[in-house]
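Okay, so chain A shows up in both of these, paired with chain B first and chain C after.
Moving on, here comes the complex of A and B:
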């Protein structure tokens, strides 16, 4: 009897919370109509008047940008707050928006997570501040990630075109050729592990970001979103190309069971037991500071290709600056966002090691000619810049990718620790994502 | 780990041992040398040494000290040493002082700011909690008033509710009052210590005899004067215990500041070290494992020092309890 009551109570609770959600959705729609209308002029006036801007970001290069901005506009006081990295910050941001107070004026949001704030209408449409003039300022990948047909949800701060980082010393020592295709990659993985069982071609314990990026490069487009109509399909050719290759690596235990970003991972990168990384172009900064002892060992190459002779790449990571609807001083917030992502602000961040999302910086001679002593003097930016041009088009993430990524290890992760096949894991991930999407009021796979 | 220190052997066994020695001396009726004492039959207070139990205690000791040893050893390594050398032994070169210097100066000396914040939270939060617990516990133990049973029930109930469960409701409440992101959001909740109140209550009932208070009243002492000159010294051991507990709790507090404070300028050390740790997981971030380890060592030094200094009072408190009447 008591279980019945509990169940009924839960059901009632579920109904009430759904109603509440719908109500908030309506509410934000209504308030939306009233917003907007401020143009570039207001921004100039706001800068003249001055005030305080709170920025939530974990990007280290913004510190210098804040100083430069305050020097240029002495009446504006910018407070840079590290409110957590990645989903920790998104949770805090969601909470602050829900609580109705404490939200920042500017927030750093990764591209994969921007959809959730855009669809919830919790970030400003920056086209009303004149952001549309930057349509050609940014490279295609990042610009597509922050815009849709209706609105500009944020301005791109950096980007992560993928490249292949490999430990040349390890490859040389065992006389193994650096792979240019993923088939060659599997061969190299076998050869390295055979030469020294302590060496793995790379580490992987199940990483949603890395997996989706490699599927992206393989030509898979599992997510399609048109407003709230969403299709999730992990059955296309690109996905099966990826799973076929990666399944081989898993079956033969050629992947180091080390989680990315852990201290063990840094150790593996330092001692050569993790021999390569296929990762975004922002990685040099982490290698230089975190794995200083391996300086000179590593080199950069274009990503291995799925078809020999091809030239396709993908994005991995990268983030934007968005202005929450709950911001107190939106004009100033936009002014800072604009300063930090375009022009002088962007250049100073690139000089400090960030990877640019702006065409001008990406094509500048100084950038392309930068020597990387860490990579034995290699002009690595040329490889990254080429990768940025080769990024496969038309990729999109889910509007609730943050949630989907959070359940990646419950579904796909099984393929890493049990006989479950990678394709089955992806299927389970798809099903869980579809169910969640429909529960949240999206129309998924219908 | 630090909390296990006071309950471990040195504080409690020594006085008992002394009492045992005293009682056995009394029993034999002679002033005996230590050698003769050994030959006395084993009593419950002076048990036969047990090899398996000693081994278990030794294992627990190693288990307790190993993380500490690891911390000290690794605080001497720089980033390269951490990645290249064996975890439980020293690297080729020592960077201990250099590490401490860099920890204190990294990012414009933000570590020092976090240390001062933590001290503020501990002084105001734990200090305040102790004052409130002593006042409340004394009042509940010595005065009879209607509703005392109800207070007792509420306090007991409050002891059972973990602070973590209250954190989110507290956050919403403080958010409504506009106090989040300020030191008050950490200090005010830290002032409430149901466990401390309960402990002081029980201790005061034992340690302050009603007869003594009555005698004081008859001699014309006012209630305040009685409290300060007679009760407070008697309550000292209990007060120190409550102070220690609330200091450790506030010093190590992580979850409450985590949800309350977003501004790094008001972080306590626990949050600050975690923020440094997160840097290694950030694209373009700087991995500072060496500073995190040195910072952690610096973080536990004050709390260990407090324990060693206050342990004396604590021991005497337990001894006072053990020989009472």
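Moving on, here comes the complex of A and C:
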């Protein structure tokens, strides 16, 4: 029996490698036409035939999905590779695409970074595999992030509607009210730091993702992209709302100079010296595993608002699964992507702690009624789900946001360590981003 | 016949040295853009590099580093070598090994260790602040971070340079010292009249290595960048700049250009130092 299976597997592999070789040969002849090829792709036939799929991702809940997928399609062998988190993986992916070999069949790409791969035409348009039928499966934010007028560049895997995580123990101890507006937030920051100089309302050493998300919530829309025509403007009202508030926190030294995800950060979250986080709804899993000792101290609330009584939120992080053009086995790659992001695959990931991008999971009773022992039994998903509905519309990132974020600390970072104002830092960031964009062949601010 | 002997060397030299340089030169003549793809741009990249303020800022920074850190490091190394060689030091083997030991610590690990000590939140500096109720200046602030890096590099390389000087001192004939002593020369006179002239070429070599090392500064700033993201910019040193151009900016061609310009500048300065150092009298 087992020899039989092995032989069949070998035969399948041989077929796949031959196919891969031919595909590569075609690709080099007519690089773009090869991808579009012969109309709708026959995913079912590919699954029937089997083969190997390499997936680059760091999302932990995919492990179970891989097992389930292989169980359902025994002829398909999925290899899950952690090629680094975020930037590191994009660098590896970009290099593999440039080198023309070694690219995975499926890659996890965060929403902010997808544009870079889409504009470089290095990911498949999934509408040629039938992905357009999922238009209403996903919530608006993530779906807008993976699509544009022409194409579906990836399928949403999770999302990060923002919420306000606060250490209730610290707030209770000093008798300070949990803020519901950003003005109240500044007040709370002052009060906490005054009560105990070791306590900071939050940490911040300049984080492009967090800054753009809060600007998003404040109504700022600094980036507008229409194909290769781009406008960058950090002068709108939303941006100045953000800078006015954040400048106060910087001037009065109310932000802990601790970089997120560092050891010191986890310590600060555990011992109460970092009292709140405004971050994506994917955070609970990280708190549970990384800050286990503070279990029961933390609670979740909606984000503080820029205008009292308002109900606006924003996205922070979240990833999609994309199929690189350089993938060897695109039909199978799509099949896996579809399985992992919709239906049973998505539900199993939600059960394992991922935050859903699918409407059905987001609205399911089991999801909404989940108790979080870490948050003292709070039904935190209700707050997250509401936040997902309140995400401000029409936000877009730059098609080269990965690069822009990499120079954030060169420019905006100055506001954190010198008398440079935040608004000046953002202006310098805008200029550097404009220069880079024009050098790269975009038409920016022209 | 001659080629038979030279062949293996020439092959390896060509493969691992000339070929990469040739490829970098080739790359530097092109531009690859996200929109529009690759095009031949001739020497445009060089023109851009020579007028790029970010490149010059990094170069000025490593120049300043070189002027301060190299003399300090070589001075300490020379002092240690002379002390160990003087024969008046008790337990000289211990000192020799102890001073050399940091060189055996990989630069990445050394930067991490020092980075943790520099931390004002949870590091040694923070602990001292808490324990004594003082506020030490933050070693990772923009104004001090270069000095902090200099401290790490000095810690790492004093032992290495000490060993170069010490081995040069070992080959000085002892009879010279005896003759000097008979002539009534003191220890200081022996150092300035015999020892220093005798190890002159070792001093020049160590200086050249240190100059090259300073220009190639990369490990320490790139590790500390995680701890001090706003003090160490993506163009902190020319090598850090090349790295960020290539890996986050996807500007491989321009990165190759900057690397070549930097290589040429380093070679010119090292050669000038060698000419000056080897001149008699």
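The rule is simple: the second predicted complex is superposed on the first by the 408 of 446 C-alpha atoms of A that agree within 3 Å, B and C clash if a C-alpha of one lies under 4 Å from a C-alpha of the other, contacts with A are read in each partner's own complex, and residues count from 1 in each chain.
Basically, contacts are C-beta pairs under 8 Å (C-beta built on N, C-alpha and C of every residue); 3 or more make two chains touch, one makes a residue touch a chain.
Everything numeric here is computed off the predicted structure, so don't read it as measured data.
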First, second, both or neither for A:402, with chain B first and chain C second: second
Contacts of A:171 with chain B and chain C, given as first, second, both or neither: neither
Chain B versus chain C as contact partner of A:270, first or second or both or neither: first
Contacts of A:69 with chain B and chain C, given as first, second, both or neither: neither
First, second, both or neither for A:256, with chain B first and chain C second: second
First, second, both or neither for A:317, with chain B first and chain C second: first
Contacts of A:339 with chain B and chain C, given as first, second, both or neither: neither
Intersection of chain A interface sets (partners chain B, chain C): 263, 267
In the complex, chain A residues that touch chain C: 87, 91, 94, 98, 116, 119-120, 205-206, 228, 256-259, 262-264, 267-268, 399-400, 402-403, 406-407, 409-410, 413-414, 416-418, 436, 439-442
Of chain C, residues touching chain A in the complex: 33-36, 119-122, 141-142, 226-227, 229-231, 233-235, 244, 247-250, 252
Of all residues in chain B, those that touch chain A in their complex: 79-80, 82-84, 172, 175, 178, 180-181, 262-264, 275, 278-287, 289
Interfacial residue positions of chain A with respect to chain B in the complex: 56, 58-61, 79, 81-86, 88, 92, 99, 101-102, 158, 160, 261, 263, 266-267, 270-271, 280, 282-283, 285-286, 289-293, 317-318, 353-355
